[in-house]
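Below are two complexes that have chain A in common, paired first with chain B and then with chain C.
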Partner chain A sequence: MTGSPHVLRDRIDSYPTHQISGYGVRPGRHLPFGATLVPGGVNFSVYSSAATAVSLVLFRNGEPAPLAEIRIPEEFRIGGVWAITVFGLDYESVEYGFRVWGPESAHVADHFDPSRVLADPHARAISGRDEWGVPPDWQKPFQYRSKLAFDDFDWEGDRPLRIPMEDLVVYELHVRGFTRDDSSGVEMPGTYAGLVQKIPYLKSLGVNCVELMPIFEFDEFENSRLDPDTGELLLNYWGYSTVGFFAPKAGYAATGRFGMQCDEFKNLVKELHTAGIQVVLDVVFNHTAEGNEDGPTIHFRGLDNRTYYILTPEGYYYNFSGTGNTLNCNHPVVRDYVLSCLRYWASEYHIDGFRFDLAAILDRGEDGAPLADPPLLQALSYDPVLRDCLLIAEAWDAGGLYQLGSFPDYGRWSEWNGKYRDTVRRYLKGDVGTVSDLATRLVGSPDLYAHRETVASVNFITCHDGFTLADLVTYDDKHNEANGEGNRDGNDDNASWNCGVEGPTDDPDVQRLRVRQMKNAMLLLLTSQGIPMLLAGDEVGRTQGGNNNAYCHDSPLSWFDWSLVDRDVELLDFVRNCIEFRGAHQVIRARAHPTGKDELGIGYPDISWHGVRAWTPDWSHDSHLLGLLRVGVTEAGVADFVYQVFNSHWEGHDVELPELPPGVRWHLFADTLAPPPGDACAPGREAILMNQQAIRVGPRSAVVLVGRGTG
Partner chain B sequence: MSFRADLRHDGGVALIKLDGALDALSAPVFRDRIKRAAEHPVRLLVLDMANVNYLSSAGLRTLVYARQKMRDGSRITIVGANDVIQRTIQLMGFQYGMEFGDGIP
Partner chain C sequence: MEVNKKRMGPVTVARLTGVMDSASTSQIHEQIVPMLLNRRPLLMDMTGVSHVSDAGLRTLLTVYRQAQAVDGNVALVGLSDEVRTVLAATGFLRFFVVANDVPTGLTALRSARPAEGSVGA
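Then we have the complex of A and B:
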């Protein structure tokens, strides 16, 4: 068929109706909010419940004085939404903001201030911190400037991966810290583009989901300070303080100074997806970078303070986040804002899921009290755009609300399982009274998630917040002196054990024990039901010198040291094998909690518990040894037997093995006491055990066996 | 600042020589040349960027436009792009389906 399709070449709204401040304008479209390219111009839309006047302030890139200020005519307003289309803008060289006037008799909690220019809460890109670590000019009247962003990236057919949750192995990383160290060898260290170059490493490790610490625009100079003792510049390195909820951090882009961070980040997502790796974003909706009464006015405070924040009757900020303010998430306007933000990231950036920082705040009502049926969580749970996204809650907040296992999940949310972390840590260091709780953690924490599947539990032993795995076995106590607060900050209760010497040591026995403890931890984590999450660098023993709160360090202290990848091959190979082993045994990944019944009708329950004697678990207070036999089927439909024995006792034990069906023999996958390559073999190449009746499990060691037919 | 984009055909090869800053203002000119280049059967499109001193987001997009406009099986070669421009194209992942060359073949 020939002939050109009908194209609307000349929309009748692509011409100005008014001239203001030298620009042709016309009444704008009120939706969508933010700045949008339209034929011939740019449409701006912003809302405020009480503003009496709004003007659009335009700047040329980086210039202190405005290029133009366009008062939005009152007749362009519908409801509380002010919208204007401006023609003839060079949209690549323009930054914008809003000046907002409030009523004469403003409420005590209003903070309208027409002497300031506000950022657009819907800004798709923000300039002002375009290059990481370049000290800002604080004299500049308008720090964080809104920019337009293109939405026409060439995805080449990419879309979110939708890997089954039970198959995920999550890897938590900091975009900058992952490649910033010179040892990374990437072309553009510390950037989205740099991370692209490390995708082959992630693939070879075997993880299939990265959880990126905050990448929404934040200001690394927020509360920046010099360490009084060392003079070192301390920054907000982690970035849990959002400036722009719709904008990827420009300073993480090699091309941020050209304003191309959106495309560079999209390219990262596309490349990760091509490699079969999902992208989960760590998002912070519990508070904003505006802080408390003394904080900066960025956007919400000057637009609609009473709408966006939870306030006391006197107009002060509630501080459930521990960082100055609390976002009023269950106000209908704020709820819509959060929802539209996540929809934007899921659709525009193909993001596969979100981890919500201090998520318990999200179910607090406007008076701060927890709601039984919080509208925000409900809306997120049932949203069509987010339907396939992972939703992961950090189910507590800094205001004392602790909801592990009781977070309103709508059958949809997973949780960072803090209890998994605590139990496994205490078990590993040899605490008594931990074995029965450990058993519960190994099978997906049915005590917390009985009404859910195992994938409700994101299992982790370490994360960005706290000790790294290497430090967990090297330090009894935190060593946060470098944070400049006299070692008072950070968690005091780490359930860590230094294996006999505080800090680094030349003692080979201590060194061997530490490596073994790290292997025990990794083996436990990767053979537990639930979604395992690793902290980047733990697979090669990355240390922070005992610092368990490295939020302010943009330095080798917090960066991934890539020389470890060559030096610590032993641990890295071990972890790789464990991840592969997990992939080879769906009985470990099973979504259903085991029942203890003979589900397959082959004479074995799907889970059974054992001790030094088979079928005789030792649940006593002083017990340190636990054996569990998982029985399921392989993907090929063959019966699969996986036997795990963990021994946190300082002495070794001869452990009797459960008897297998005829023709099936025990083969050894891992023994953390054995030196490599005997510590863990390539899955599928497990060697048959000479003694099928019993195995020696060394002091503070673990073994994993598989039952396989010999024919 | 002026921008020029000159198109020349030589058998199955089309050459577009660019001069100036390739940004939102100049991109439509470049897009027009790509469109005209694609009106002929072209097996190779050469973009001479030796005299391009600035490449913006909008400018980058014209490269994707070029790739989409050219028929399957035809190649695009960028020659003379300075290091910053070449690197920017690569960092953004816009280099697929394109080659970088030193000189005009």
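Then we have the complex of A and C:
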């Protein structure tokens, strides 16, 4: 080859065509929406189906009065999209918004209000809540300001990890709460950067996927209030109320006050990936922070109220979310919005998956009724960019739509399995009539997901919403007085048991029982087929003092207490061993539901059920004991036998063991009645049982055995 | 932003004074990058830098990448607490040799191996 290829050094569209308000401008690019750096300037694009005029309002960082207001010429509009390129902006020191005018004879459901400046729904960064907990000046007319964000992060070859779903162990955590407590010892507590410093802990625990509670920009001061009794400031701590769908929460970044939350969050993702840990985001598309008729106008309401929200014919907000409004997800424009948002997080931030809060709302149509073939879910399921992303539904909503097992999944979605949680809790506390249902939960809930694989079921016993595991075994009733609502909020039906005393106790017997019950729960969870999810802190017995709805507490009540990591080594080691054990036995992680047939041709079905007598399960109403034998192969191709016995009876039982093939002997992995280190050993170091015919399973205890050749 | 350059043995020392932000990026870039082309290690004395913005960070990273392209090393010296926090929180700190003052920076550069990039690995 000779010569050099022609390189475009300059562009025709890098020059202004008009001057408005002192800025050189030209007709903008209509796509992509939002603000994009282009040669010499910034391109702004915003959609409204009915706006009659739009102006771009520019501010210098933090200043109350605008720097300039640029009315977007009518001739710059194509369809309902207003786009303008502005030259000569200092993109680092500028914040922006839009002022939008509607028709004079507006529809009853329109909420155009040109007295306000609106945030850009596509803003890649938002300022206004740059530092967590700094009280805002509510007198400011424009609270949430759109910012530009760089998209040239140095990923150093990083990409989403694509860990096989069956190998995942998910760990749900709150970014701030995880390291905010002084005991965390990190340099920048409560931030993305702080979380980076705790990656070695996550690795040592053995989890390989973190599910982050909402990190899209939200306002912790939304509905903030003082507890009338204690004077404590109660905040929107959990953040299930999105202000900016494209913007990472600035207040979670140590660098938020410098506007560098995007880089800081990307660095967190990169570091987690380097450690082999996936990142799933908890996303809230069922409603927005604009609330009901009395709520603030942030963006959608003033841009296009009728497009973005599900409304009654009179123009009132339907409230299927329980929080004031409902996003109109299956409207074509909103569907594209959600899709482009998730594509952005998957591609720009290398996010591995999404958990959708109150996902049943996503299949409601514009009249609120559920759709048989909801366009949004279909689009997400088949999207090319999202192809490898986990999609996890919380398959119900606050409007009474409950779709566990019937959520439109397109063979693509997993679900938070609420039935797993409820069954296991009831079984553990000793309820009768639970054993046969427990069996179904242990093998990936084929009653719910028969046409799919076990990975459709995200198994959990606890999550952010409800009791922690320690509280589940310490309280019969919720204790939400600190929420300032007279203990009326939060779920009343917790299927919890306090082990004999409500709250903390010095009684050593009760204490031992509680630890055992936590071990039983963890062992059950981590030896069930399906994707296990742990709530951060449960591995060290974190308590919230019986509060099962700690959404408003930015305090030690909801923070991870790292002193527990040194104090509660017993439970932590137990959980570590269970996670490692799961990793060592693909028969527990198998994607396929077991068939009950001798799939390997070695004389044993892949699953068999047992009771006090081997091969004789007790399915009766009063039964509390269940044994199951899983038979598969190890990754090395050797036959693998895993025998699990769960006993929620208050008495111990001598349990007959199924006979193994010649040369294979039972070895003990875990016995939750035994004190450490006998409660669970390091996988691969299981000791051979002296008695190969039977094992004593203690009261409210569980054992797990492996069949291994003796040499 | 002011950039003063001098040679200290095998090392080029650039002393920066002012604010590193979008307004000064092109200036820094134009003055610093040529210093890398002679393949000498570069020490950036940031004692006089009061603030590094997002665009400023990117300039630093560009300098690092340019140095990497010629197997050079870059040391940052005299970072204020704020700048260090920003660099640490965003993960940029680990790209650089970091020292408190110029003499230790020079020593650190002498013992540093050539920049090890993993870009596109």
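In the analysis below, the second predicted complex is superposed on the first by the 705 of 711 C-alpha atoms of A that agree within 3 Å, B and C clash if a C-alpha of one lies under 4 Å from a C-alpha of the other, contacts with A are read in each partner's own complex, and residues count from 1 in each chain.
Operating definition for what follows: a residue touches a chain if its C-beta (ideal position, glycine included) is under 8 Å from a C-beta of that chain, and two chains touch if they have at least 3 such contacts.
Keep in mind the model is a prediction, meaning the values are calculated, not measured.
State whether chain B and chain C clash or fit side by side on chain A once the two structures are superposed.
clash
Looking at A:D373 after the superposition, I want to know if it touches chain B, chain C, both of them or none. Which is it: first, second, both, neither?
Neither: A:D373 stays clear of chain B and chain C.
Just checking: does A:G157 make contact with chain B only, chain C only, both, or neither of them? Give me first, second, both or neither.
After superposing on A, A:G157 lies in contact with chain C but is clear of chain B.
Which partner does A:D622 reach: the first (chain B), the second (chain C), both, or neither?
A:D622 sits against neither chain B nor chain C.
In the overlay, answer first, second, both or neither for which of chain B and chain C A:E92 touches.
Once the two structures are laid over each other on A, A:E92 reaches both partners.
What is the contact status of A:A254 with respect to chain B (first) and chain C (second): first, second, both, or neither?
After superposition on chain A, A:A254 lies in contact with both partners, chain B and chain C.
By the touch definition at the top of the document, which applies to A:D493: first (chain B), second (chain C), both, or neither?
In the superposed model, A:D493 contacts neither chain B nor chain C.
So, does A:K270 touch the first partner chain B, the second partner chain C, both, or neither?
The answer is both, since A:K270 touches chain B and chain C.
Based on the A-chain superposition described above, do chain B and chain C contact any of the same residues on chain A, and if so which?
Common to the two interfaces on chain A: residues 90-92, 150, 152, 154, 156, 187-188, 191, 193, 196, 254-255, 258-260, 263-264, 267, 270-271.
Contact residues on chain C for chain A in the complex?
Going through chain C, the ones touching chain A are 21-23, 53-55, 57-58, 61, 65, 85-86, 88-92, 117-121.
Please give the residue numbers of chain A that touch chain C in the complex, ascending.
Residues of chain A touching chain C: 90-93, 150, 152, 154, 156-157, 187-188, 191-193, 196, 253-255, 258-260, 263-264, 267, 270-271.
Give every residue of chain B touching chain A within the complex, in rising order.
23-25, 56-58, 60-61, 64, 68, 87-88, 91-94, 96
Given the complex with chain B, which residues does chain A contribute to the contact?
90-92, 150, 152, 154, 156, 187-188, 191, 193, 196, 254-255, 258-260, 263-264, 267, 270-271
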